[in-house]
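The following pair of complexes shares a single chain, chain A, combined with chain B in the former and chain C in the latter.
Take a look at the complex of A and B:
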C-alpha cells in the first residue's frame, strides 16, 4: 500500500525511473554468476529509490537531461546498495526487507566482494561525469558515511548518549547521502549556487527526518512489516532517538545491559517494545522529525517557481508519514 | 641503483600511504593497513627504470596502494562470524580506505585513473568470488584468477600512464611469487581456499598436483629469466634485482 503511494508520487517521473532501473541492472551485470545472483536479489528487493528520485527532482531546477542525470542517480543508489550489503555483515543481519541478505545466502566474504564490486561499479559509472566538483562531493560523502558508521560502532550500548550525539550520527549515516543526492543533481544540471544550497539543505533536513522515522518504525512496526524482529536496532546496541528519550526507564536500562551480553529472551524483547510503544518517547520523536520536515519545507519555499516544488513537498511529507 | 635505494623508496611509499589513511579509531582496532612490498615495488618499477615521473604519478601509486589495503582489509573478514568489534571495524576500514582513494583522486581531478582502478576492482572481485562458486574451474583458469588478483590494480595504473611494456614482467613475477608462497604454506599444512581448489582441479590432469605446480613454477621462472635476458627497456641493475628476488622466493 505504502509502496503504491510512493509510486503514485513518482508517476510523472516514471519513464525516467524506468531508465534508472534498467541502468542499475546493467551496472550490476557481472561475469561472475555469484555476484550476478546477489545483485539481482538486491534489485528485486526493490527499495524506495529515494536517492535517484532526489537527483532527478533537483536536476529539474536546471538543465535537465536524463542521459546525464542517470550517471549521478545510478551511482548514488549503488553506493546505498553496497553499504547495505556491508552493513548486514557488520550487524550480522540475515533478513532485510523480508528477504535473506547476501551474507545469509552465501557468507560474509562473498558479501564483502559483492559490496566492493558494487562500490567499484558506482565509481566506474560516475566517471562518465567530468566535473571534478561532482566527484569531490561524492567522495567526501562516502568518507563521511563510513566515519558515521565508525561512530555508531563506538557508541554501541553507550547509554550516556545525548541528542547531539544522535543527530551527529544520523547526519552522517543517512542525511548526508540524501543531501548529496539533491546537491549533485542540482550541480550537474547547472542550477545556480543559491538554489543548490537550498536543495542541499532540503536534502539534509529530509534525510534527518527519514532516519528518525526509520528509528521510530523499528519499534512501532510488526516483525512482518519490518521483515526482521522489531527492536532490532536496540538488540544490536544502536541507541536511537526513542531510547535516548527513554534512557532513564529501568526496563530499558536492564534491556540494554542484557542485550550487550546477548542474553535477551523473546519475552524481554516484547516487554521492551511495550514500554517504548506506550511511552511518550515515540510522540516526542515524531515531533522532532516534524520539526526537520518543517525546515525542509522552508527550503522549498525559497526555491524559484517550478512544478517540482510540489513534488519535493509531497515526497518530504510521504517520508515523514510513511509506515514502512 | 641498489637494493637499499629501492627499499628506501618502498618505505617512503608505505609511509605516504599510511599518512593518507590515518584514522584514530581504525588504527586502534584494526592496526596499520596491510601492504604487500612486492606489489609496491612493481608500482614503482617505471620510476626505478627512469621513466618520466611527476607528482601526479606519485599520488596515483599512493591511491593504488590504498586500494590494495582496502581489499586486503576485507580479506580479513571471517566467512561465518564477523560479530566482534574488531571485525566490524575491519569491514569499515576497508570501506574507509576505498573512500579515501576516491577522495584523493577526486581532489586532484584524476578521473581517468578512478575509472581504471574501478575496472580493476570489479575484475579482481569477480575472480576472488570464484572460490565460493559452485562451479569447477581448470588448473589453468585458477592460475589466471591468481594473476588477476595479484596484478589487476597495478595494471590499472600502468594502463592509465601507458606503462604497458612492464605488464608481462609484473604478471609473471607476481604470479610466481604467489605460487611460491602458496606452495610453502601448502607444504606446512596451511593451504588457502584458492590453492585447495587448484589442488582439487588437478585431478583432471594425469600428473599429480605436486609435479604440475612444480612444472608451472619452472616454466614461469624460465620465461621470466628469458624475458629479463632479452628485454631492452629495463635497466640491468633492475633486471638483477628482480632475478634475485624471484630466485630467493624459491628457497
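Take a look at the complex of A and C:
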C-alpha cells in the first residue's frame, strides 16, 4: 500500500531517480567480493530514497541539472546507507544465547568496513563538486550524525532525560541529513539564500516529524508490520518520545530496569505495550509530530510559486502520516 | 631507545609537530563524553606521527607554510587514527572464552562510532583546502584503504596466495597513506609535478618497507617487545611475507589449519616461531624490504638539492631498519 503511494508521489521524477539508482549501483561496486555482496543486499533491500528526492525537489527551485544533482544526491544516500550498515554492526540479533559465533564476528568486521567503504565512496562523489560550501555542510553533517550515534548510546536506559534531550538526539539521528539534503540541493542549484533557508528549515521539520512517527510506530504497530518485536526501541534502552511522556509510570520504570539487565519476559513486553498504547502518550506524541509537520508546511508556503511546492507538501504528508 | 632516535630525527621540526599535535587535540574534541574518553586515550598513546612528518618534509620542497600544511597533515593522521580504532573493533582480545560481555559490546559500538567520528573530522579539515586535487587524492586513498581492510579479511588463512597478493595488500594497508602524505604535502606546497612524483614514489617505497619490517618483527621480536604474543599475525590468519616464502613447510601448513579452527597450543606457537626464525624466509624478507628502501633512496636522489633530502633518507632508514 505505502509503496504504491510512494510510487505515485515519485512518478514525475522517475527517470531522474533511476539515474540515481544506477549511480548508487556503480558507487557500491568495489574490488572486494565481501563488500559487493553486502552492498548488493543493501541495494536490493531498496529504500524510500527520500534524501535524493529532497535533493532533486529542492534543486527544482533553482537551475536544475540532473547530472550535477546526482553528485549531491548519491553521497547523501550513501551516508544514509553507511550509517544503516554501521547501526547493524554488533547488534543483538547476531547473538546466539550470549555467545558470538566466529561467523557473526567476521560478518561484523565486514559490515563495519562495508560502512566505511560506503562513507569513503560518498566522499569521493563529493570531490566532483566545486562549491566548497557543499563540502562544509556535508562534513559538518557527518560529524554531527556520528556524535549523535554515540550520545544515543550514552543516553541508553537513562530515565532522567527530558524532551530537549530527545529532540536533540533525533535531530542528529534523522532530521539533520534530511535538512542537509534540502539545503544542498538548493545551494547546488543556485537557489537564493532566503529560499535555501526555507528549504533547509522544511527539511529539518519534516525530519523531526519523520523520526517521531517512526518512534510511535515502534509501539503501535504489530510485530509483523515492523519485522521485529514491537517495543524493540525500549527493549534496547532507546527512550523515545512516548516513553519520555510516560516516564513516571511504574510499569514503564520497572520495564526499563529489567530491560537494562536483559531480564524482560514476553509477558512483560506485552504489558508494557498495553500501557503505552492505552496511554495519552501516543496521542500526545502524534500531536507533537503534527506540530512539526505544520511548521514544515509553513516553510513551503513561504517559497515562491513553483509546481514543486505541492510535491513538497505531498511528500511531507506521506512521511508524517505513515501508518504502514 | 627508538623513541630517542625519533626525537632527534624530528628535532628541527619540533615546533611544527607541536602545532599539529595541538590541532589533533582540538580535532578529537566532541560533544560526547565517550568519544572524548576514547580519543584522549588515543592521543596519550602517542604514535610516531610519520604521516604528518612526511607531509611537512615533502612540503619543504615547495612553498612551506605550517598553517596551510596542518590542514593536510591533521586529516592524514586522523585517517590513520580512525583506521587503528576500527581495526581494534571486534578483536579477539575482547572475547572472554568465546562469550562477549555487554560491556565489550558497548565498547565495540563506541569504538566503531569513535572511528567514524575521527573520519568525519578528517573530512571536515579537508574542506578548508581549496585545491580539488587534494580532495580527490584523499578520497581515493580512503576508498582503497577500506577496500584493503576487507580484502585482508577475505585473504585470512588462505594458503594459496602469492607475493603479488601480499604486496597488493600491504600497499593498501600501509604504503598508500604514506604515499599520499608525501604527495599531498608536495601538491599543496606547489612542488612541480616531476618532483611530486618522486616524493609520492618515495612514500610508496618507504611504506612498503615499513610494513614488511612490521611483519618480520611480528615473528622475530619477543612478546614483551611486541606487547602481544609473537606470531600473532599468523595466529589471526594474516599470511605475511615470511609465511608466503615458507608456505610449503609442513609445520607452517599444519599451524595455519589449526589456527583457523582456534586450536593452537602454546607449544605449537613456539614450534611455529622456531621454524620461521630459523628459516631463510626472514633473511629473504629483510632483503625484499631493503630493495624497497633502496628504491626509496633513488627517488630522494632524483630530487633537487635541499636540506630535506637528508631528512628523508634518515627517516626512511629509521623506518626500514627498526629493531625495537
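Following the convention adopted for this analysis, the second predicted complex is superposed on the first by the 306 of 324 C-alpha atoms of A that agree within 3 Å, B and C clash if a C-alpha of one lies under 4 Å from a C-alpha of the other, contacts with A are read in each partner's own complex, and residues count from 1 in each chain.
Simple rule for what comes next: a residue touches a chain if its C-beta (ideal position, glycine included) is under 8 Å from a C-beta of that chain, and two chains touch if they have at least 3 such contacts.
As the structure is a computational prediction, the values presented were derived from the model and not from experiment.
Superposition of the two structures on chain A shows chain C clashing with chain B. By the touch criterion defined above, A:250 lies against neither chain B nor chain C after alignment on the C-alpha atoms of chain A. In the overlay built on the shared chain, the residue A:143 is in contact with chain B and with chain C.
In the superposition on chain A, A:112 makes contact with both chain B and chain C. When the two structures are aligned on the shared chain, A:193 is found in touch with neither chain B nor chain C. Of the two partner chains placed by the overlay, neither chain B nor chain C lies in contact with A:307.
Counting contacts by the rule stated earlier, residues 30-35, 86, 89-90, 106, 108-110, 112-117, 119-121, 123-124, 127, 130, 132, 135-136, 138-140, 142-143, 145-147, 149-150, 153-154 of chain A appear in both its interface with chain B and its interface with chain C. Put simply, chain C touches chain A in their complex at residues 30-35, 86, 89-90, 95, 98-100, 102, 105-106, 108-110, 112-117, 119-121, 123-124, 126-127, 130, 132, 135-136, 138-140, 142-143, 145-147, 149-151, 153-154, 262. Remark: chain B residues 23, 25-26, 70-71, 74-75, 77-83, 85, 88-89, 91-92, 94-96, 98-100, 102-103, 105-107, 109, 111-112, 114-115, 117-119, 121-122, 125-126, 128-130, 132-133, 135 touch chain A in the complex.
Residues 30-35, 83, 86, 89-90, 92, 106-110, 112-117, 119-121, 123-124, 127, 130, 132, 135-136, 138-140, 142-143, 145-147, 149-150, 153-154 of chain A are the ones that touch chain B when the two sit in their complex.
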